[in-house]
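Some notes on the structure that comes next.
Per-chain numbering from 1; labels A, B, C, D and E assigned in written order.
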């Protein structure tokens, strides 16, 4: 018998892949407390959202951006009442090896000069959330048009991180949470949250969700969980 | 069982138009390369669909284009012995032999495998694979495979052509045994006059897609105007009986009252045989020769003299043993004063009769 | 395999199961399609040929998406299969379906080439000996193409072991159900510090796939020499 | 192609260029490797065979990552090539490298099978007539395997047209430089409502790849009949 | 140019141990299937590396295992005519013919392509591909291809074995012309006595990997104890000269003062020929025969009588034309009272001498 059910036993979570480390740490505690089994499928938000659109038996969806959650909500596939902005995140400019830290990113920082002909690693700037936010931030700073042609776009933000970590690109724009755990990169500058639309990880139970779904969602908002998220570099809404 | 064949088919180079009834026994399709022999056999086998025609074994029709009847090959119950063997390389000799048998209706299984294996002398090869076999062995397996399918008709398309002389004389006896011991009609393709003489009950001579001559082997082969294989193929076929095996290694044959001597042949006394006497092996003498090493002399009278284009002539002599043909020079015809009605002697060397010109027990003809 | 976590072990087992069934079920279809492409002339032959090659050419994500649309819970074929009690969506069976489809072109190509190498004269010989078309196929053609079939099957197995894009798009990445080895690798690569675990899994899949390939070369050669006669 | 935006048109052109060069450059190497695998017995032959198949078996992301490590700006081979003025990182040349490597196993398999079908006796005949090994290859073997070479090349081209995972991981997606058709498709699929645009691009790649495949069947058959004699 | 061959090589079934020096002209390797003929030729060609040995053309060494010398095949400048043709299917006839020529050193190009094409009569085929050609045509192209490589040695491995009789007699003359018009040594493999008689300058008889006999063709073939191809291959080879072409289609030959008559042969008057007279075609007579159709009678004295195991015996008669062998029955030996020294007459039918037993101009022997 497969997961084609929304039964009382167990919770099937569809979560953006970037949450893997945190959720894998949080879920066991909940399983012990509640006796419910939590199964988490990690993939790109777009993939998971499409699967839910086409009938996937997920109980809980945690997206890496608001757009896909909005689409599902419009189609009535999620329980509107349960939707919460679970996490936030910030963007940072990273560099490989030893680099000077300049604190907050300012319009007068000569990003182009810093690249020195190299590439700026970002996720796809028109498709993948981290890339979309990054592009918006650079536009706000008036830097986009100058570096536009030097942006190396990857299919996910982790690949952009890897470009910088392996030295293939001198600089990159990634989530703070990604930069936090990668030893080979250093945060050069942070982007102020008002330079780009708010980075939000919305979470919601699906319409035919199991009873455990809401309990697990509540657990994700618990103090213990918040500690783990914070450790991973995520921002907490209102926190 | 008799075979009736009527075929019309256009190929890029020649068009086939053939019509013959084959009596029981071995029917030989005889003709030069490209005459259309394989095409006929393939049509009988169902591997080629002729544009018009009908083939029937007795009154069991294999196909009849007039009535839209067409049996697929596997329903025709044939044993096709291909020129190149076509043994299955992935099967052992035993599996090859039994291949057709698996598919033959149980009640139709006539041949006993033991008997066939013994007859072909392939018992020691059963567990080997075809790749390691000699050409002669392969061809024997192919014969056995066709036979064990318990066919209602055996097709053999130049089964010996790819073999050297030694192998040929090794295999030919099996076909004789097939003809004599297994009562299945055989359609046999060849362009070797020796094979025709030895095996054929009747002969269909093909030329450019047409059956130019059709009749008993002895008639067709004695006709130098047909001689599809060239003048050297002309010869007479005599019906003889084994009279005695002499101690000095010779066998004495009784040919209509006259004695003929041959190097020992492995047939029992009293056995009916046919021997082919190639016209060019016969010397004629105007008087009874003396002091010659040749042991065979047949007295007779000249029937006809046919002069060819070259220096030779074919002289037919009526003897007590039957008609004997001799190919001699026109110069000799003149110097011996030969003319129809003259008495003369046909001299035949004992050792000049090659083993493959001596046939087994005579068929039904 | 003490150095594999339980979840990784599960992914490995699942990958083996998925690849095994993907290969086994597609094999007869692959042989049939290869035979049809090699030996029959029928209208739409080139269309079939193109269709077979499609998964090789399309980005896997697209293939997965197409599968999701047609074989998903709401997809037309998905519903049809469900009528017969066969559910592939978000099950390991779906992963096997995706893997099988992605590996299919490789399998068909290998088998087709070996069929084209069989001399039709041998098949004719089988027919004159009383074997109908299917029996000729079973007793003559099939044994002779066995090396090609084995090569095709094992290549397909290896490919199935590495399939990722179509699988995750079609059946997601559910541990124990649809999380194959490559999906697990993907998940590890999406988080910081996951490279070590990912590398471990990659090495395992390389070892298995290479083992299978070597095996196929070996078996292929043995069978080939048996078929050609020794 | 009025219904293609300028960026899409650029992606299409780039994909064609990348696939063309990927095929052209790997072809001689593929022929050489196929020949070595088919005809020579040397230590490490099975290792080479395994290496060739690796891209078929590995998840493409892993291949891309390995390429990044070795051929990237900091990678050992990347630096070596840079010494000779050849930069592949973030260039279309890198996309071609990735596509070529991903398509390589398909190419080699096709060519290898056709080499194995050439009767070594003909090559011997060439040698006794005074042709050295390379000349025998050029005058006897190569013309005879031409159908297989063409099939292999076009299959590789088609595969290269669809390659995505390794390419984007290795050279990322730089419009005009490395944004191939599949990258564009991927990007469209990431955003809600992008399906229509993605479908358009997918249809284009299918048409091109199918056209290439049909062409290969056609050429292959013509050449084969020319080689076998008419 | 002479060829010197020394070889040792172990094969699974037999081990080869061969040593011979071949004089200029055609050296025939003669022996049964499996005797090791192809293995020897392959070693000479460099397609097989024997465990020990040396092969040299005059003093140009092809290999010498003692000194670690090994020329690869393409440096040996050979023209290998394979049993199965091995034409390149992807090249036209013209390209096939010129293949070896491309690679031959420019100054070594001896044969004029026009002459070779004309000699082989393949001018009308040049633009076709091998697949469409008949077996005989294919083999002629193979000969031309080998020739145009301007080889220092021609190897021919049973080049006629796969052909039927008609094709054989179509090709054999080309080898004669090769021998007589092209001064390249030829190593020729066959198991046909007729081919040996017609072509061979010297013969190396192989048996089970060993060279059991080696010498001029006339000697080896006249020796019934060798007769590797069976007793029917025994025959004498006579050296003759064309004396006259008669109007009735006969050609008169001068054999050491005696006249022999044959059906017209296409050689000019005065041409030197050799003819093979198969022992079994010869009839002996104790007195001068009269009234016989056979035109050829050679008077001579009995030299030796060798009785075989069967009913036959080989009688050697010394005539003015040379030694003639006759195979007759022991019974006839007794009845004619033959014994060494006795005078007797060898009778040979004019038409019994098959065209393929008549050779072209004699080689250097």
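The rule is simple: a contact is a pair of C-beta atoms (placed from the backbone, for glycine too) under 8 Å apart; a residue touches a chain by one contact, two chains touch by 3 or more.
Just so we're clear, the structure is a prediction, and the values are computed from it rather than from any experiment.
A centroid comparison over C-alpha atoms places B as the chain most distant from chain D.
Ranked by distance of CA centroids from chain C, the top chain is E.
Centres computed as Cα averages put chain C at a distance of 22 Å from chain D.
Between the Cα centres of chain D and chain E there is a gap of 56 Å.
For the pair chain A and chain D, the distance between C-alpha centroids works out to 35 Å. Not a single residue position of chain E touches two or more of the other chains. For chain A, residues touching at least two other chains: there are none.
Among the residues of chain D, those touching two or more other chains are numbered 65, 186, 189.
Shown are all chain pairs that touch, namely A-C, A-D, B-C, B-E, C-D, D-E. Those residues of chain A that touch chain C in the complex are listed here as 2-4, 12, 14, 17-18, 20-21, 39-43, 47-48, 50-51, 54-57, 156, 158, 161, 178, 180-182. Chain contact summary for the complex, chain A toward chain D: residues 44, 46, 49, 67-68, 70-71, 118-119, 121, 124, 126-128, 149, 151-155, 159-160, 162-163, 166-169. Partner chain C is touched in their complex by these residues of chain D: 46, 49-50, 53-54, 56-62, 65, 106, 109-110, 113, 117, 155, 158-159, 161-165, 182, 185-186, 189, 198, 202, 205-206, 209-210, 213-214, 217. Chain E meets chain D in the complex at residues 45-47, 72-80, 82, 84, 86, 88-91, 99-100, 102-104, 129-132, 145-146, 149, 155. Residues 65, 68-69, 72-75, 87, 89-91, 168-169, 172-179, 186-194 of chain C are the ones touching chain A in the complex.
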